[in-house]
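Each of the next two complexes has chain A plus one more chain, namely chain B in the first and chain C in the second.
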Partner chain A sequence: MDFNLTDDQKLLQKMVRDFAEKEMREKAVEIDESREFPFDTLKKMASLGLMGMVVPEEYHGVGMDFVSVAIAVEEISRVCASTGVIVAVQNTLAEYPIVAFGTEEQKKKYLPDMATGKKIGCICLTEPNAGSDVAGFETVAVDNGDHWVLNGAKRFITNGTASDVFITFAYTDREKRHKGMDVFIVDKDSPGLSVGKHENLMGIRATGNCEVIYDNCIVPKENLLGPKSEGFKTAMKILDVSRIDIGAQAVGIAQSALDEAVKYSRERVQFGVPICTFQMIQDMLAQMATKIEAARLLVRQSAFMKDAGIPRFSLQSSMGKYYASEIAVECARMSLQIHGGVGYTKDYPIERIYRDAKILEIYEGTTQVQKIVIARSLLK
Partner chain B sequence: MNSVVCIKRVPETAEATLKIDPANRKLEVDNLVFGINEADNYALEQALLLEEEFGGEVIVVSVGPPETDEIIRMALAKGAGRAIRISPENLSELDPYSIAKLIAHELEDEEYDLIFTGCQASDDGFSQVGVALAELLGIQHLSMAVKMETEEESATVNRELEGGLMAQYKLNFPAVITIQTGLNEPRYASILGIKRAGSKEIRVVEPGSWNEKMVELNKLSFPPPGKMAEIFQGSPAETAEKVCEVLKTKGLL
Partner chain C sequence: MITQKGEMSMDFKLSEDQKLIRDMVREFAQKELPDLAAQIDEKPGFPHQIISKMAQLGLFGLFIPEAFSGGGMDLLSLILTVEELSKHCSSIGIFTALQAGVIPYAITRYGTQKQKENYLPRIAAGKLLASISLNEPLFLNQDKTPVLTCRLEGENYILNGFNRLVLAAEEANLFLLIAQDEKQQWKLFLVENGIPGLKITGIENSMSLRDLKLGQMVLDNCIIPAGNLLGKGDIQLEIRADIFETGKLLIAAVSLGIAEMALLKARDYSLERKQFETVIADFEGMRWMMATMQSKVTQIRALLAHAVNLKTAGEPAASEIAIAKMVAAESAIEITLDAIQVYGGYGYMKDFPLERYFREAKATEFILGTRSQQLNIIANKLIQK
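Let's turn to the complex of A and B:
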């Protein structure tokens, strides 16, 4: 059994850590305040290959393994949770579906621009009436001879305000429920597509999260993605993979909470000594460090299993996403507690980390949904 | 244009809590993070820029233990063509002259126009390897370059002097130039560069025990603390006035 990263993975980790530290730390504060989508940072990332990690080199990506993607997302999220999820969505929710299910023509048309960051992508699944009830959405696609016509509205679409490519789920036959669902690649300039309200979120505020509206939206016939009527299966396969990266994002956020707690507890003096000398503070530091290591192992294991082609990785990615999300929220809470009063101000990064962490338990399958998936596998 | 870049793996000490191992006259490094010496990173970037402009090859040289491969691989990922790691047995005892001599020996069979080093290592601060290397190789050198304009066979190099003076020199190749931080903007390795780095050569040279040193470290210590900070008492208006007074006398206001 080998827990070591490969030489390439170690170099990637060091490179992304340096990049995030130097290019993103100040920006993270600014974009949290302004909600501005970090195009500048993404452009620099694209030149390094970070916007096309799962895309093969023949389509201008860099073709990395999923462990590497998890490492990169963790390191980015450690400095900026918004940028972390933007990159995760670009790689595993927008590009991966095309890599895994696209036709040769679709790959050639979309992947080079996406992998090099010229086009941003998003995935449009959630609707006002369809959160955990994934199949409960109402958007429909009608076959109109030489094109599809989409009608409906999506909500909470990460990267939405900045996207050029919208991977969209719609019913082609709503009566058939799971078996009447399809996936479409929708271009930004499609007639009838528009972006609605830009959400004013509590955390991950710079992610361009918005509504997407399809009003008699025209989509070319050839933009159907994956086998006809198998949209639900496709969605599940995509989410199996993207959970790895949300787990990695959670580990990065949790690590940032610990980093801040260690730093502050060494500096802050009470009763004449740094507060890190108190056992109750040490108790929290030790709990955080241990839980982060456990979460990191679980998340990386799920990525490793995906790379190795072990089907059970989807269960592991549920466990990783559930556990890492919970401990990220817990670490943010403990770190803020260690900070005391100043942690409750905008003068220290922990208040942002605390807000950023909470979404982890909600999106990409709530904690409760993950537990259902895990329990069902035990009771099969 | 072929360049050799000398790089060194050093502990990051700027923000770390340091402890000295008194018996061994050295830092306790177990809890420290290591990386490429900052000035060397600028030296590497300068060599890579020249390769992009003039073609040729960038060869990385480092004297250090096997762990040095971490920074060597990163240099290869950024675009250096190949590397030489020199690992003598008595590494910790070497002074700058011995290190320069080891490097000079390895460069005997290499063809190069320029040799770059960082102007100073952040761990021992000698600033000597580059200069000693030039002397040993019998070629020209300039230290502490802050700006450099390069032609096929010569370069114009600026050095910053005290009092805001700038001195400009022209030197012909082959030459050694030691590089100041800030001369350029060091790149990050791209992921494709990282993927390609694995297939590039790191030639390991093990010269055994090597003893040519001219100076020896006597003692490593933290200097005794200087005068403590002065804390002003009084109302905000009074203390602000006192602070202004101090700033004025120091010429800062």
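Let's turn to the complex of A and C:
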């Protein structure tokens, strides 16, 4: 593995970093308070290609490699965790399934609008009773001749309130469990589709997280995505990839915690000297920096392996997601520790970072699920 | 340990009176606090109503001598009270730690007869609300000058400066403040809210405790009668340490209450939530996670019991108290994080109290001294020996 970024990747990193600093820093505070979905920021991002990172140029995307996607998601998350996950979902959970499994017609119909940010997408897998047990969901799709009829309800759907395209998992034959599952592209204006309760979360508050309800929802026949009855396999393949982005998001959040710790410890004077001169503070800064670097390398390595077509990347992305999310929570804790009591107020970004970080250990496969995946691969 | 009824058995050996108080507060807290806690977290508003109910129950006077209209109970009774309150609403627990613990202890132990007569009965009755700054108590400015200064002018002291993160800044009637004089001696004052020159300049928007209105206080040439000085001579730093030791034990009880409730909720949820066609309590990963949480709760309780015993016996306990306070807060944060993990996505939602426990646990880490300050106390004690 070449540890250096390519010139293009470096350029991208700088561009996204500058954009995030300029356009998102204040916005991150606002949308945490208001829970407003950041449409205007996304519009600006679209003009930089960030809404169509994995979409080939022929469908109006920019066709980046996954290392680049990880770099972009990390830089965005470093300033705003909400926007970080919105972008990750748009690119790898909504667009990537169509890029990887869609028909030519589906690609032509959906990708150009999504890649240019005109349409927002989400993935609808989790249900109230199906979290870690992915296949435990209850939504069903019935073949009704020239269309499908979907019934069920999904929960914890990131981007849900803002979405135009809902990548939806449903059982076409529940008896067959893993072998009776399918994926559908559901349009926002489909009869019978509605968006339910907008969730009030501790962190990543501006992500439009909500319930999605299918009440005799009519979906055209041609909107079946991927090979029939292989929805479970499709889901796993999508999640293998999206874990890279959530790992990258975690690295970004951890880095933001370190950034704030460095800044504050330089400014804050106690006993006549800046607190960064104390060994205890330096100990924490060193721990954070080392862990972040290790997590970043693990996450980027998984992206690199995906780009290189190495199948084992999925194990690497599990390790990356598990480790990066764990250290993100840890770094947020340490940074808040360094801030002392004032870090508990909303005058400092660390208050928000501390709340944002915890979700990383929960969504896109909990820490427990990642550990099971990793252990099973050792025992194969 | 959690019993089948969902109660925690005590490692403290409790007297009949102590059990009576604990049971009374437990019942009160279960009935009055769970809904309130969520409400005041979402829509900050000072919880006047609950505070007057608590006053009626005599909770604020528990630790105040009977001679001053208090209940004359010991520190452990108050610890149990704060723990039970904090299980359901840690803001109320923290408020009680100050109102019924820190300030009454300071006045009872170091106050003049006049100060005791003037303040203690009203504190016990909840007619006078008392508070302090939760932030680093020996707060110095960038240039090493104190944030609050005092100078003697005739019969009065003149106070200048500010304090941040003052609990119940607007509603409190009495503050315990520490200021430095020209000779760099620290002095403790009982300062009444509303005196000329004292202003509450802003209420913080903080991660939790918003209902209790953490505020910034500015003192601009405030005239404080010499009679409001607390304690005599130049031993004020030792007095302050003693007062804070009592306070830290009470804050550790807040951490304990939060941790116990988080564990209890996680345990109950793990018995309800089914994944892979079985309750998640059946998975070894979950069982061990909860077993680890239980071990940490037991550790907090043991450390706290040990430190309370020493303090009550009048033994030197600075290090033991620092350890109990630090470990309690750290473990509470870890336990609340794990409880969220047991709940999965639901733990991250404001529909359930788990995310609030996590935010509240963090407050107990900096109140009355951060982890670094506790480590310094522990190290100093160790190296002195």
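Methods note: the second predicted complex is superposed on the first by the 379 of 380 C-alpha atoms of A that agree within 3 Å, B and C clash if a C-alpha of one lies under 4 Å from a C-alpha of the other, contacts with A are read in each partner's own complex, and residues count from 1 in each chain.
The rule is short, and it goes like this: a contact is a pair of C-beta atoms (placed from the backbone, for glycine too) under 8 Å apart; a residue touches a chain by one contact, two chains touch by 3 or more.
From a predicted model like this one, the values you see are computed outputs, not experimental measurements.
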More residues of chain A are touched by which chain, chain B or chain C?
C
Can A:216 be said to touch chain B (first), chain C (second), both, or neither?
neither
Check whether A:361 is in contact with chain B, with chain C, with both or with neither, and answer first, second, both or neither.
second
Based on the superposed arrangement, let me know which partner A:14 touches: chain B (first), chain C (second), both, or neither?
first
Look at A:344 in the shared chain and tell me whether it touches chain B only, chain C only, both, or neither; answer first, second, both or neither.
second
Identify the partner contact of A:48: answer first if only chain B is touched, second if only chain C is, both if each is, neither if none is.
first
May I ask you to decide whether A:282 touches chain B, chain C, both, or neither, giving the answer as first, second, both or neither?
neither
Give me the intersection of chain A's contacts with chain B and its contacts with chain C, in residue numbers.
none
Mind listing the chain C positions that touch chain A in their complex?
134-136, 140-144, 164-165, 204-209, 214, 274-277, 285-286, 333, 337, 340-341, 344-345, 347-351, 355, 358-359, 362-363, 365-367, 370-372, 375
Where on chain A is chain C touching in the complex?
126, 129-133, 136, 155-156, 199-203, 269-272, 280, 329, 333, 336-337, 340-347, 351, 354-355, 358-359, 361-363, 366-368, 371
Once bound in the complex, which stretches of chain A touch chain B?
7-8, 10-12, 14-15, 18-19, 47-50, 53, 57, 62-64
Seen from chain B, its contact residues with chain A in the complex are 35, 70, 73-74, 77, 188-192, 194-195, 197-198
